[in-house]
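Residue numbering begins at 1 within each chain, and the chains themselves are lettered A, B, C, D and E in the order written.
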Amino acid sequence: MADAQLAVPGRDAWSTRLRDIGFWAEWAALIGLVVLVVVFQSLNSTFLSTGNVQSMLVAAAILIILAVGQTFVISTAGIDLSVASTMTLGAVVFGQAYTSGWGLPLSAVVAVVSSAVLGVVNGTLIARGKITDFIVTLGTLSAASGLALILSNGKPVTIVDPFLLRLSTGGVGIFGWSFIIAAVVAVLAHVMLFHSRFGTHVLATGGAPESATAMGISTRRIKIAVYTVSGTLAGLGAILLVARVGAAEPAANTAFLLNSVAAVVLGGVSLFGGRGTITGPVIGALLLTALVNGLTLLGVSQFYQPLAVGIVVVLAALMTRFQR
Amino acid sequence: MADAQLAVPGRDAWSTRLRDIGFWAEWAALIGLVVLVVVFQSLNSTFLSTGNVQSMLVAAAILIILAVGQTFVISTAGIDLSVASTMTLGAVVFGQAYTSGWGLPLSAVVAVVSSAVLGVVNGTLIARGKITDFIVTLGTLSAASGLALILSNGKPVTIVDPFLLRLSTGGVGIFGWSFIIAAVVAVLAHVMLFHSRFGTHVLATGGAPESATAMGISTRRIKIAVYTVSGTLAGLGAILLVARVGAAEPAANTAFLLNSVAAVVLGGVSLFGGRGTITGPVIGALLLTALVNGLTLLGVSQFYQPLAVGIVVVLAALMTRFQR
Amino acid sequence: GSGGSGGSGSGAKVAAVIKGLDNPFFQTMKQGIDDQARTGGVSTTVQAANAITDTTGQAEKLNALAGQPYSCFIVNPISGTNLVQGLAKIAALKKTIVNIDSPIDAKAAKTAKATPATYIGTDNVQAGKMAGEQMARLVGSGGDVAVIGGIAGDVTSGARITGFGQGIGPKLKIVQTVAADWDRQTALTAATNVLRAHPDLTGFFVANDDMGLGVARAIANAGKTGKVKVISVDGIKDALDAVKSGSLDATVAQYPYAIGLMGVEACQASAKGKTLPADVKAPVELVTKDNADKALAATPKPFGSYDDPFKALGK
Amino acid sequence: MTVQPKPAGPAGDILLECENVSLSFGNVHALVEASLTLRKGEITALVGDNGAGKSTLVRCISGIHRPDGGRVLLDDRPTDFRSPEDARTAGIETVHQNLALVEDLTVWQNLFLNRELVRRLGPIAILDRRAMQARAQEMVSTLAVNVPAVRSRVRRLSGGQRQAVAICRAAGFSSRLVIMDEPTAALGVQETARVEELILRLRDEGHAILLISHDFAQVMRLSDQVWVMRAGRCVGGRRTSDTTGEEIVALITGAKSR
Amino acid sequence: MTVQPKPAGPAGDILLECENVSLSFGNVHALVEASLTLRKGEITALVGDNGAGKSTLVRCISGIHRPDGGRVLLDDRPTDFRSPEDARTAGIETVHQNLALVEDLTVWQNLFLNRELVRRLGPIAILDRRAMQARAQEMVSTLAVNVPAVRSRVRRLSGGQRQAVAICRAAGFSSRLVIMDEPTAALGVQETARVEELILRLRDEGHAILLISHDFAQVMRLSDQVWVMRAGRCVGGRRTSDTTGEEIVALITGAKSR
């Protein structure tokens, strides 16, 4: 019996730990962010200056909004590859409407609605057409950027609007308006995911579609809904994008696509669905933004930046292993 | 009893059909390809001319090789986002070795080995570090392209080598050498996946990792192996790429990434792992290549091409619904 | 507006934000900036967007640098307006903005009160036009030509193609325009397909050299070298070699090296309190087989002489 | 021998009737004109070999599959369930053989899946987590011996604990018919006893119960009526009081044909 | 009362011994110094409530979990299984409660998982599909009544058919100890009878068997020795011939303490 004390020190078998990764990964982004902030601040004291924090938050706003939309989709075990081109389409629609003199409010509504419609199309094809999410949204990625090119005739339209300028530059304290909008979106999304029936059904659809169906949840309707949410948020992102770059352009915005998924996954949401958080992806988006900002501040050479980004992303995820 | 004949016509409940999608989707690409060929040929008779078929096959070769590697990874429920940048790195390494006078065979070996090493790094981080595939390969995507930039100092190197030139232009009949290489890779991969223990273990690891572990399969080793396969094939692709463009460039090759995954999924391989085919992804790669070729032959405007590609990809997948 | 009063006497501290990093054109631009900074004893940092399409990423980089103690900012915006926010911040701090390569949208700059002190520009329409005129000379009898552009909707690509259309005159006809995403392999595939679709094509205009080399390769593969002409834009070293060897018929060299170099000179001049000229044209030269050797010898600098008003101001 | 057991009460007592229900998956004929009836306030057992088609029949009744042929009548009216939601609305709750739990959700979330309690704030409905957790705790502790924490994810529960959760869910909502597909297969002695008590209590409260079980002693102990399936057909039905275990076994194995 | 039942034969007969095995998941103490022994050529039963820790103990023996404390001895030598592969190599085959089947693979692929038959062509080993399919057909038909096609994917099988496949797999390879975690839970009468026959045959061939079951009649019928678990502990062991169902139930519920 004395042997019990001498036995192998407590180590869980890996199958158990594997199941726990999901849990630890939820906080990967936060730990990564904190470490990053400490490192950058110690190397360059302007990193945490009011001005820089403010511009980081503003820079993160669009990514946060897209990542929130992506979170809903990924929670149902789907993926929205079209999120960036939907945003592009929204921006171009906004630009065309605005330059045709429809006025700011109407243009914004039209932009958001057209992005939402694209989301509905995605969701309908996936749920009713029963095609894999990946292929459908890859298809609409291509189709939406094509539409954006056709609508804009391949040319950017400059949009100078005092309201939009204020939206992109003004704010309350260190919080720019666009960051405030993103924060509100995140809070609403959190409530939706964890405090509404819809949210529970989203997670059930992602976690065990057959069980969800057996309990009478219409997984089709849920699928359509999450893509609509993602599309709508892409439309909102489009308006912030136009405000930020001062133009509606048919650019591809590929970086937003990969980053939105990266933020979500870094935020601890499983690509296999069934588990979601909103704080995670938001922190993930902040992490990715802070990373680029910090590397630029430190004057890391352009060639070394991708290498540094890659290493930091992997480390941020790896770090969590040493948590327990 | 007469009622039986009057009853609702045979329709499976959706949960059953859902399970069958995987099956039907396996042939999506083939049906899509056939329809596409018929349409293009009827609109432009040069489409099926010997010369055009030959150049399509050659153009598809690299994508086929990458898609085969990607298939192994996706069969284990993973994803290799770094496949294109690994190829870039391989190409740059090849270029540097070749211009340093290491000679063609050694340069080729070094290029393949360095790509394979990147695969091993991916696999090890995923299997031992227990980080999601998506994040690890997103990190190595960034890191590999950074390394490629640093190694090449951001500049392409022109490589003029008679052997490489023959590789990219010569062949047997309508089959260019690079297509023949791709075909051999595909056949070997098929044998590996369906006629070796390794292949069965890959599918088991993807389908039910816990069951595979309980049966004594080392899912770690399998994970590392599939990423090594993917990396090695990316290295092979790198050599074909250098032969094709006659230069080793640190270009991003993003299109290859998305297309490799698209080919695999269009080929009916589930992103959730456990099911794989090699013919499917090969046909998927041919479909995507034929699509771009045909649209250009028809002179479809550059603005309408993305729209057309998107619609065809979705239709190719949708078509299979009307199969039964 | 912007004053030239930001720099301290000892010399400017320069931050440059340029376009892409996977394209030799911008690396040569960086080389020009670095070389001039070294000879002039100016400290610099050069940042670039991740890709030539990464408008917001570039904006973020400028925003990050805007709050830093630099006296002069050299910017090469991806689009006319994407950097305006950061520029507004910089202008508010009364620091010098030097706009190179692609112009900042004038209206947007005015709204943001961030008009640059000078613009050192490449006229992409002009470059395209020179290519078009050369194409018309090469195939005097006329015929069909095709255009291989960058990413569909890209501004630079669009301007070059527009210029090409203006330059070719009435005898030549553009039968097809294909987007090849600034990628050599994609351009190769696209050109192969176009050659198939138009067997009696007489020439290609390609929106940059990297793709141009891919197109030249496609023509060689089809055994049509010499029969189908290729002209591209940029003037990177490999392209000059190709012009010399005959696989490329001409390239319109734009000398990003000189642009970068003049950018730093402008900063130096402004640091001395000089008023900068509003609009400076960067050199553009047509390189053909005849002058390829000269161009190669001089690269990355222009082989001809060109007008550099900053030289005088800097004295 | 009777093809159909005589109804014990008036015909109006019949709650559910399957008439010649057929269903094939490709070339597997899972159901071949299967017919059965079940009465209000009774426990009806359904027995048969593995692969006989019991679960498939249950899935047809609870709206997961739609039969290829034949029909299902509830209260003498033909039903046309397009989804499990329709069946649940019509008052049919089911404990599926695979339990139909969502492993990544907590016990309480599973218990209230698609039956969530909400507090209304004007037009917005906010989940009433606390109420659901409290009710869930009550429900589970009536059944389980080693009571799992209602806030832990179902993924962490033992096989029997999961089954208890699934049973609680089906029993916890007012319904007319509770279908239980092998509810005690993974349960221990004590838990089985509690589930049997629960089944009897449900019957006494007037619910009809359809019980699938391989445990003969249990079937004979609990049921009022037994139906036997063999190779996709319902080959016979008996009042439990009129039959013996041997007869049922004979029907199952095919030693006896009806 | 005996804490440990007296060995019936010489001490050398003991095949496997668990000594104070403990394992916690976070703050769930699934095993608390659980000890048991089992002998060669005997059927040892392990019983207990749901969540008592039976499956967890089995997973420790078969190399899936590593105990936090205590040790497992095989042939009086401490084992250190780092993976299920080690346990299988040491001659321990297991039918897990969750069956450990790969749903997307076919029946024959599952049967031969990680035990594939190959033909060697020089250095290359090619799967011998035909031989595996033929052997699989044989193996399955000894057990199942509605025999599933060995080429169909496991996903398509009924609950009982799956269980039959898992049992075939464990019984089909030469082993010293076969562990069965509730092997007949989902099985019909006929299939259960066949599995019981199989278990007896395995014993007669000299294999040791560890059987987890909630079916008392079955335990009393088959086993030579019974161990009882309660809340993570092994609270007692009996020779089956020396005990009664009542005593076992008393141990399970805690009415009797050892």
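Throughout what follows, contacts are C-beta pairs under 8 Å (C-beta built on N, C-alpha and C of every residue); 3 or more make two chains touch, one makes a residue touch a chain.
Predicted model, so just to flag it, every value in this text is computed and none were measured.
Chemist: Spell out the chains that contact subunit A while also contacting subunit E.
Modeler: B, D
Chemist: What's the fewest number of moves from subunit A to subunit C, given that each move must go to a chain touching the current one?
Modeler: 1
Chemist: Which of the chain pairs holds the record for C-beta pairs in contact?
Modeler: A-B
Chemist: Using C-alpha centres only, name the chain that sits farthest from subunit A.
Modeler: E
Chemist: Same or different: at the subunit D/subunit E interface, is the fraction of residue numbers used by both copies above or below half?
Modeler: Mostly the same residues form this interface, as more than half of the numbers used are common to both chains.
Chemist: Where the CA atoms of subunit B average out and where those of subunit E average out, how many Å apart are those spots?
Modeler: Distance between chain centres, rounded to whole Å: 43 Å.
Chemist: Between subunit D and subunit E, what distance separates the C-alpha centroids? Give it in angstrom.
Modeler: Here subunit D and subunit E have centroids separated by 30 Å.
Chemist: On a C-alpha centroid basis, what's the spacing between subunit C and subunit E, in Å?
Modeler: Centre-to-centre distance between subunit C and subunit E: 73 Å.
Chemist: As a quick test, compute the distance in whole Å between the mean CA positions of subunit B and subunit D.
Modeler: Here the centre of subunit D sits 47 Å away from the centre of subunit B.
Chemist: Among the residues of subunit C, which are close enough to touch at least two other chains?
Modeler: Where subunit C meets two or more other chains at a single residue, that happens at 21, 51, 152-153.
Chemist: Could you say which residues in subunit B touch two or more other chains, in rising order?
Modeler: Expected reply: 15, 145, 149, 153-154, 210, 213, 302-303, 305-306.
Chemist: Quick check: what residues of subunit E touch more than one other chain, meaning two or more?
Modeler: 25, 64, 98, in rising order.
Chemist: Which residues of subunit C touch subunit B in their complex?
Modeler: 21-22, 24, 27, 51, 149, 152-153, 175-179, 181, 183-186, 188-190, 192-194, 196-197, 210, 213-214, 217, 221, 238, 241
Chemist: Could you list, by residue number, the parts of subunit A that touch subunit D in their complex?
Modeler: 19, 191, 194-197, 200-201, 203-204, 206-208, 210-218, 274-275
Chemist: Can you list the residues on subunit E that touch subunit B in the complex?
Modeler: 62-64, 83-89, 94, 96, 98-105, 109, 113-114, 116, 118, 125-127, 129, 155
Chemist: Name, in rising order, each residue of subunit B that touches subunit C in their complex.
Modeler: Residues of subunit B touching subunit C: 44, 46, 49, 51-52, 55, 59, 145, 149, 153-156, 158, 168-169, 241, 244-247, 249-253, 255, 292-293, 296-299, 301-303, 305-306.
Chemist: Spell out the part of subunit C that touches subunit A in their complex, as residue ranges.
Modeler: Contacts found on subunit C: 21, 30, 45-48, 50-51, 53-57, 59-61, 63-68, 79-82, 84-85, 88, 105, 107-108, 111-112, 151-153, 155, 158.
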